[in-house]
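Both complexes shown next keep chain A, but they swap its partner, so chain B is in the first and chain C is in the second.
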Partner chain A sequence: MSTGVLGTDKRGIRELGAEEKVGWDEVSEGVVLNSFEGVAEDIAHKKAEERDYSDFNSYTATVASWRIIKPVYNRDICIDCQNCWVWCPDTSIISRDKQMLGIDYDHCKGCGVCVEVCPTNPKSLLMYSEAADNEEALAGWPQKEKKEKN
Partner chain B sequence: MAKEFELNEVEVWDGNYAASQALRQAQIDVVAAYPITPSTPIVENYGAYIANGYVDGEFVMVESEHGAMSGCVGASAAGGRVATATSSQGFALMTEVLYQASGMRLPIVLTVVNRALASPLNVRGDHSDMYLGRDSGWIQIDAYDAQEAYDLALCAFRIGEHLDVRLPVMMHQDGFTTSHKAQNVYPLKDEVAYKFVGDYVPVNDMLDFSRPVTHGAQTEEDWHYEHKAKQHKALMDSRSVIDEVFADFKALTGREYKRVESYMMEDAEVALVLLGSSVETAVLAAKQLREEEGIKVGIVSPRCFRPFPYDLIRETLDTSSLKVVSCLDKSAPGGAMGALFNEVSAAAYTTQARPMMTNYIYGLGGRDFAVDEAKRIMREQKAHADAGHITTPIQQFSGLRGPKLGFFETRRS
Partner chain C sequence: MAITSIKNLKEFSTTNDRFEGSHLLCPGCAHSMIVRELMNSTDDNLVIASNTGCLEVSTAVYPYTSWDTSWIHIGFENAATAASCAEAMHKARKRKGTLKDNDAPVKFVAFGGDGSTYDIGFQWLSGAMERGHDFTYICLDNENYANTGGQRSSATPVGAHTTTAQAGSVSYGKKQKKKDMVAIMAAHGAPYVAQLAPNKWKSMAKGFQKALEIEGPCFINTVSACTTEWKFDPKDTIGITDLATDTLMFPIYEIINGHELNILYRPKNILKVEDYLGAQGRYRHLFKPENKHVIERIQKDIDEKWEFLQRREEARI
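Our next item is the complex of A and B:
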């Protein structure tokens, strides 16, 4: 069971479609799905890993099976500007107290937006084949590009 | 707080005005609407009630009927009482969202003023739009005059919002012949009408922040089928709630409605099955024909078009005297027998009587359907009964200029 980069949350703990298949008489009326188990007052002030997400919330599911390229994150270069966190369309950049922690590979679809918006030189995020080894990618990370003088 | 609208014991209202008054009395939270002939006055009047302080809810003017029904879906999912009105092309544009509304089990009330579908463009009444909605998962109830438009619009809220139902409801009336025909209407006082409709009880409302919910989820082959089955079950089971609401309405007003209306069926040898304002015409023709020529004609009308009253149609047609049933469809059948013919025939097939079944297409684009034509059709059915077989094509066009148009002979060896 994966516990994500935070090591404590229920992010991506199951495969999509692994929920119990009940009969027509037990499905919810109008396909209404609860986001959380029970009453969820004050949910906006709780961190994701503290929320009791329901089995029908995609937070707990792995929904990235069709990704073919992935971003690899390089902590040594990152300046924690949070640009990638702001732009990611799938909230798959994990950040706490304005510090980047890494990529949520259970929800990232590999769109590459985070790489596009990364302002460092060299970039702190680069796209690699889904099959690539992250450690090897980090070992071969490109050097800083020098500005060409006119 | 909405002002009370002073009403006389008897008012002279047309079908549109009657429907709009019922919407006002239901104190709807959100009406999202786009005008189209002949239902425009419903939302126009409703806008005036809002402007003049007779309604507390919101009126949202949208860019199209697709937007109108989408706004209704959003407002209903948010947890409000919601309604709108439309006709014809507007109904067609709403169609995609109609399926969303029923699948999401949102009890929206849609007052439809039936009108033909283009092409050719036509603003007059036929049942093309009503038929277009018949697989959409909505409850469909048909009003034949202005009083019924008022009464059934009130009932529509009670039925759809019932916690055992939670399905959207269309309340139909015929374009112009009902929507624009003024007649005496006996309205309820505001307080009485609202008490009948009752307070709206939200279910899984999105504005309940303590229980965040997802509406309109995607399901593929592993869940979709179960959800559609459950939805169909709710629609089928709504029959008993409809009966219950009609019974309550009768207790309150003395006016009785049934899922299947029938007239003079006790000893009928010949029956006509039809919908809408034509029912009155057919009843009048049947009475005259009984007196003038002794032909025993009965009239049957599935006031509740969806869920289709298979049970009551079968019951109504299962008499020993009945020999021929003719179903009259006021919608271009598009390369098939009329829908009413197909559905009533399926129910009749399971009766002991097993009457002969014929089909007429009539009244398309507002073509008048008069007593004389109704009588002609009835006499033709009597001739089948006397001959012991169908003597004409099974499907015929009534009131059509040019050579007779009909399809399929009975096979007899």
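Our next item is the complex of A and C:
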């Protein structure tokens, strides 16, 4: 996954280089921001890694600095139900060939929806502090909870 | 063409996103869930127009765009106008044979929030529906002007606290009923009108496919839970939407050709509306003893509406 090439600012928007910077009032009428380099065809059938994103596409930016908690993904428990994929508001769950591969930490804002919709026991996604180490989190993953009898 | 692999979620997940991350919508915003579910259900070329609103300001912050399709924003009220004009131009150029590819399927879609759909863009939307352009209008209904600080709109339901209909010692929040936009659009004689919710992703994707396929103006109202103004934790967006559909606060149904009503989701256990209201900060004041009558009124309205929908479905008229 691409990270901002030219660094990030507080809102997670990549700063353009000084020579490229154009003020909003200098933009002429009818100007077009192209999402892709060159002629983009058949985008609906191209995976993200096959696309030639332009610098104007927010895919090339990051909002990672919004996050104070982050989801950590445990492949061993995941059943590939894709609940997290369909309800992720930030297109941050990466799934290929019906399998979940992981989390795009450049676009994730840490809302925690993926953890809430995860149906496994224990959950295969859990929220940890942004400073936490993923390996340590996986090592200390909670055990299966027994159902309480009423 | 409509993507056929939406039988189950695993197959749906093989579709490619055309709505990119790093937009500036709040964490846990339902807007982007809805837009993703819609755009992933088709592989047609889309021409999208957006009204001013959360979706527009957050996905097109210069120098970025989150849209992998053609996208335009003009004003607060005229996404319907922009989409219908683009559609008319496309039709004319197709007739004259001046398009680069005359056979490429192009669909026209307009997105608006509830403020721009129910209030400010109502006249323009009504005009476009009446002219009968081949486009689909999608309202992302979060029941207030969330982009400007949560003012009341005509989509705000009874009893909700907003910054311009405040709850306090003399008022219990908004006193007026929510406008029934779906019925108004059906009354235009639109070939396809629906109310859908993002937690029911399958009916959402299918509804959108149907709207694109059908020739003529289609309208889809979608419930979009707003973590900021409804005041709940961002992680609970889907949980709140589940409550909205299971308490029948947002029944999911479609109306074909202005009269044929189908209910698309019947909850197994219909929950009491208190469950939905209690989960949100904007209804907190309703649980004071003096406001008990408001909850009763809301429940009564919901029951009446559900009865009405069921009878309409049965009558097939």
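Assume the second predicted complex is superposed on the first by the 119 of 150 C-alpha atoms of A that agree within 3 Å, B and C clash if a C-alpha of one lies under 4 Å from a C-alpha of the other, contacts with A are read in each partner's own complex, and residues count from 1 in each chain.
Convention: contacts are C-beta pairs under 8 Å (C-beta built on N, C-alpha and C of every residue); 3 or more make two chains touch, one makes a residue touch a chain.
Predicted model only: the values in this text are computed from it and were never measured.
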* Asked: First (chain B), second (chain C), both or neither: which does A:F56 touch?
  -> both
* Asked: Looking at the overlay, what does A:E145 touch: chain B (first), chain C (second), both, or neither?
  -> neither
* Have a look at where A:V39 lands relative to chain B and chain C in the superposition and call it first, second, both or neither. => first
* Could you say whether A:D76 touches chain B, chain C, both of them, or neither, answering first, second, both or neither? => neither
* Which holds for A:W24: it touches chain B only (first), chain C only (second), both, or neither? -> both
* Structure fact -> The answer to whether chain B or chain C touches more of chain A is C
* To do: Based on the superposed arrangement, let me know which partner A:K47 touches: chain B (first), chain C (second), both, or neither?
  => second
* Find the residues of chain A that appear in the contact set with chain B and again in the contact set with chain C. => 22, 24, 27, 33, 35-36, 40, 43, 56
* To do: Name, in rising order, each residue of chain C that touches chain A in their complex.
  => 9-25, 27-33, 36-37, 42-44, 59, 61-69, 198-199, 201, 227, 233-239
* To do: Note which residues of chain B are touching chain A in the complex, please.
  => 103-106, 166, 203-204, 209-217, 219, 222-223, 225-227, 229-230, 233-234
* To do: In the complex, go through chain A and note every residue touching chain B.
  => 17, 21-25, 27, 29-36, 39-41, 43, 56
* **List of chain A residues in touch with chain C within their complex** => 11-13, 16, 22, 24, 27, 33, 35-36, 40, 43-48, 51, 55-63, 66, 80-83, 85-92, 95, 97-98, 104, 106-113, 115-117, 127
